[in-house]
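One chain, subunit A, appears in both complexes that follow, with subunit B as partner in the first and subunit C in the second.
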Partner chain A sequence: MKKISLLFITILMGLFPLAIWANQPVFTAEDMPWDDGTAVLLKWNLDSKADSLSLQKADSLGVYHEFFNEFSTQGQHIESSLEIGGTYKYRLIAYNRAAGDSSVFTGSATTKAQWFDMNKLSLLILLGLVCGAILYYIYLGRKGKELFIRRISGLDSMDEAIGRATEKGKPILFVPGLSDLGDIQTIAALNILSPLAQKSAEYGTELLVPCRSSMVMSAARETVKEAYMQAGRPDAYREENIFYLSDDQFGFVAGVDGIMLREQPAANFFLGAFWAESLILTETGFGTGAIQTAGTGQPHQLPFFVVTCDYTLIGEELYAASAYISRDPQQLGSLKGHDFGKLLVIILVLVGVVTEILGWGWFKHFFEGGGG
Partner chain B sequence: MANFMTTFGIWLAAFFTLSIFSFLYKDNPFYKFAEQVFVGLSASYWLVYTIYNILIPNLFNKLGTDFRGNLILLIPMILGILMLLRMVPKLQWLSRYPLALMIGTSAAMSMLLSFKSDFLSQMAATMVNPFSFSSPVDIVGTILMIVGTLCGVFFFYFSKKQEGFFKVPSKIGIWFLMVSFGASFGYTVMARISLLIGRLDFLLRDWLHIIK
Partner chain C sequence: MKRNAPLVVAFIAGLVVLVGGFIPREPFPSIESTLIDWFMIISGFAILLGQASLLHLNITRVKEKMPNWPYYLAGLISFALMLIVGLLWGMEQTPGLLGQGDGIVKSLGAKPFDYLFTNAFIPLSATMFSLLAFYIASAAYRAFIIRTFESNLLMITAVIVMLGRTSFAQLLTGWIPDKLSFLRLPELTNFIMEYPNTAAQRAILISAALGIVGASLRIILGIERSYLGGGK
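Let's look at the complex of A and B:
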């Protein structure tokens, strides 16, 4: 019992100076962690009596100049755009104007570039998990395992639309969005264009693809040409049916509207990135009596497509479409990998909400970029 | 002369505005004329814009003034020339290289960007303690946000048939989506009406001087 008391007193005596030290005003200057070596992190914890501060940096002659003076008793400031490997001296003056007193703190730091940004650790882990799942499912798909994908009604319409265009002897119109090749939605649209072109080649139905960007036009021509060759109908391929209209948003729309009115396509596909023109395009298509399928990842345009089109691919369905139509094991594997990512999101959000309720903030902080 | 040009410009703009509006009745020669002028003008405008604002300052001027210091620019220049080879039937296949490079790099770049903004940030923003708010409205709102997000994500889960127990979150998800679409639709329609008002304002104020 005596030993325990002695130990208790020793711990208390050890903690007492620590507690005094913890309440002491502190100013530190250190290299910004996990950065490219161009920033210094300045932290301070001032006396509660302080009422203003001046943060200063020494120039090459050792003369200090103020660069920050927003007051807070406990705070930090990141000074960026510095040179890698440079040593910088700082001074913090804390004023207590009421008492006519001031305290001066100094610190210095040498900037250093880090190889990794540990604040992005969560990004790396999740990206690794999702990419790993995609590769795993692609491997399974290639091995011949049956990969189940549920019915997506918007895509089942594709055969119906092509069939109707064939019966009526009218063309199919495919608009791959108004964005450039840099947009993943355009790439998703071109992926859908491939099986669609293959079916139009098989049925012998004319396919019109107006493009807003010359790069998209080139990619669309390659896609359609390849699809016609795969369908064994290279002779039916018409390069002039995949054409450039205009880079101007509404100039392009006016052109597509004109095509819909004059060519009277029996089936319209609007897949890709669309903005303010979505309603103008689909409303005109609706007026011509065409069967319309639209899909975009732009949440603000989806309502217009839902209202005016027969079938709408909502967001993620656009990316799933090419896998669903082609049943290509590689694309199906990729889609299954994405599904794993969605399941991961649901689980992590649930765990995140529970940890927040329990007051364990570190879990959310990790995903917010506080990995280091 | 300047006054004449201003008046002429207003009359021209009014003519094209009415020609485009005439589409509301049906397709007609005025609409066709306005549409083709618009498409032609905009295509040529962007061609000239690209030459004078992208090619000349970013490529030709830099190579002309400091060729050795800008050797890196030869790479996009060669890729651009390869794209133009589409016009030569025998060398058309060469244009696939710049296309492949463009699609590959943009897909990779978007993947990282989307993963951060659409995946990680959204996920972290949903990890909220609904009971940390004092107002009942905020508590209910946060619970709805969490349920809506989870069910919305589940709606896009393609590996499971939406039947039995799995039908419930999927149905809730599509309801949330449709309600948000409805709100977004109404909001945008209001914005479009303001565009129409802007056009009518031009016709009635600048052209006809009915509104002072």
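Let's look at the complex of A and C:
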């Protein structure tokens, strides 16, 4: 018992200086964690009597210069654009102007580039799980396992739309969005353009592809040309049907609207990235009586497409379209991986709700990028 | 070779950018910025292709006197006019071949390019954008026709949100006591926008993000090759 009492007193005595330290004004300078080695993190916890501060950095001669003076008793400042591996000296002067007093704190830090951004650990885990699932289902698809993929009516209707255009002797209009080739939505649109062009070549229906970006025009030309060759109709390919209109948003819209009104296409496809022009385009198409299919990753434009188009590809359907149309078992396997991803997200959301209700903030914090 | 080279380039570039997203140290940030620079350079050259396509298409249609050819002629004249005035007198602070064109700036109030941009291009652009108001009205009319339970629900929600965004909402429901303030139209609107609307939008965003992961993986691994024209 005596020993326990002695141990208890020792622990208390050990904690006492810590308790005193906790109330002491503190200033620290440290290398910014998990960065590319170009930033220093400065933290302070000042005396409550302090009313202003001056954060200073020493130059090569050791002379301090102020670079930050926004006052807060407890705060932090990240100094960026520094050199990797450099040692930097800092000084914080906390003023108590009412008492005519000031305290000086110093600190130094050496920047270091990290090999991994721990703030992205949760993202890496999720990405690993989703990619793992996709690869697993691709493997199953390769082995010949039958995979159930739900129907996407917007894509099933492609034949109907092309058939109607063929019957009416009218062209098909395909707009691959207004974004450049660096946008995955545009790539997804080009992936759908390929089977569409193949079918239009088979049916002998004219395909018009107005583009907002020259890069997209070049890629679309290659895509359509290859598709016509695959269909065995290279002679039917007309390069001038895939053309550049304008880089200007509403100039492009005016051009496409003009095409819809003059050429009266029987089927319109609006797939890719769209912004404020989405409704202007599709409402004009609705007015011409064309069968319309639209798809975008921009959630704000989806309601406009739903109202004005016959079929709308929502969310991941745009990215899944090419795999869905191809019916290639490998590609269909990857779609099954998407479903696993959705299940994972549902589970994480439910767990997140429960942990937040229980007051366990670490779960949300981890997925917000606080892995470090 | 023609098919495999783009696949190898896509694989290497995709993998480097993916890995670089998690490793903040050199050489990954430099590689990423270099790839972006390359994209910008290629885009610059592609602009010439676009202009060439535009000119070729319009000149052919005018030459062959195709239907509506005067429109194509108007397009060509506008293109040439902007190009010529831009080359001769420049735009904003940038001088042209004839310098800053002080004389013409005095009479027009701006450089010819800027004058045409402000007084012709911007109004035309604004006209196209303003069509949106009429199209929203006609599309909303179709969407709100009460046919099913869902369209009924949509109409009620839309009326609440539209009214809640106006000062009229306060006038209509401002009398509701503070205890029941959640029934006031602005509060109801905020609730609809903040919770059901945000939840639905996030669901779409998450599903789109999963689609992007799948599509990117297919492209990196060379399984998806439709953008190259398809084929095995």
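Heads up, the rule we're going with is that the second predicted complex is superposed on the first by the 367 of 372 C-alpha atoms of A that agree within 3 Å, B and C clash if a C-alpha of one lies under 4 Å from a C-alpha of the other, contacts with A are read in each partner's own complex, and residues count from 1 in each chain.
One rule holds in what follows: a residue touches a chain if its C-beta (ideal position, glycine included) is under 8 Å from a C-beta of that chain, and two chains touch if they have at least 3 such contacts.
Only a predicted model underlies this, so the values are computations on that prediction, with no experimental measurement involved.
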Combined model on subunit A: subunit C and subunit B, fit or clash: clash
Can A:I78 be said to touch subunit B (first), subunit C (second), both, or neither? neither
Output check: A:I125 vs subunit B and subunit C. Expected answer is one of first, second, both, neither. What do you get? neither
Determine, for the superposed model, which of the two partners subunit B and subunit C contacts more residues of subunit A. C
In the superposed arrangement, does A:E226 touch subunit B (first), subunit C (second), both or neither? second
Output check: A:F367 vs subunit B and subunit C. Expected answer is one of first, second, both, neither. What do you get? first
Given the touch rule stated above, what does A:L343 touch, subunit B (first), subunit C (second), both, or neither? first
On the A-aligned overlay, A:V353 touches which partner chain: subunit B = first, subunit C = second, or both, or neither? first
Should A:A99 be classified as contacting the first partner (subunit B), the second (subunit C), both, or neither? neither
First (subunit B), second (subunit C), both or neither touched by A:D248: both
According to the stated criteria, A:I314 is in contact with first (subunit B), second (subunit C), both, or neither; which is it? both
Could you tell me which stretches of subunit A are touched by subunit B in one complex and by subunit C in the other? 123, 127, 130, 181-182, 184, 187, 214-215, 218-219, 222, 244-245, 247-248, 250-251, 254, 258, 262, 279, 299-300, 302, 304, 307, 314-317, 320, 335, 341-342, 345
Along subunit A, where are the residues that touch subunit B in the complex? 122-123, 126-127, 130, 148-150, 152, 181-184, 187, 214-215, 218-219, 221-222, 244-248, 250-252, 254-255, 257-258, 261-262, 279, 299-300, 302-304, 306-307, 314-317, 320, 324, 335-336, 339, 341-343, 345-346, 348-350, 352-353, 355-357, 359, 363-364, 367-369
Give every residue of subunit C touching subunit A within the complex, in rising order. 21-26, 29, 39, 42-43, 46-51, 53-54, 56-57, 60, 67-68, 71, 121, 124-126, 128-129, 131-132, 135-136, 138-140, 142-143, 201, 203-208, 210-219, 223-224, 226-231
In their shared complex, subunit A is touched by residues of subunit B numbered 20, 23, 27, 32, 34-36, 38-39, 41-43, 45-46, 83, 86, 95-96, 99, 102-103, 106-107, 109-112, 114-116, 119-121, 123-124, 126-132, 146, 149-150, 153-154, 156-162, 177-178, 180-182, 184-185, 188, 192
Would you tell me which residues of subunit A are touching subunit C in their complex? 34-37, 84, 113-117, 120, 123-124, 127, 130-131, 134-135, 138, 180-182, 184, 187-188, 190-195, 198, 211, 213-215, 217-219, 222-223, 225-227, 229-230, 240, 243-245, 247-251, 253-254, 258, 262, 276, 279-280, 283-284, 297, 299-300, 302, 304, 307-308, 314-320, 322-323, 326, 328, 330-331, 334-335, 337-338, 341-342, 345
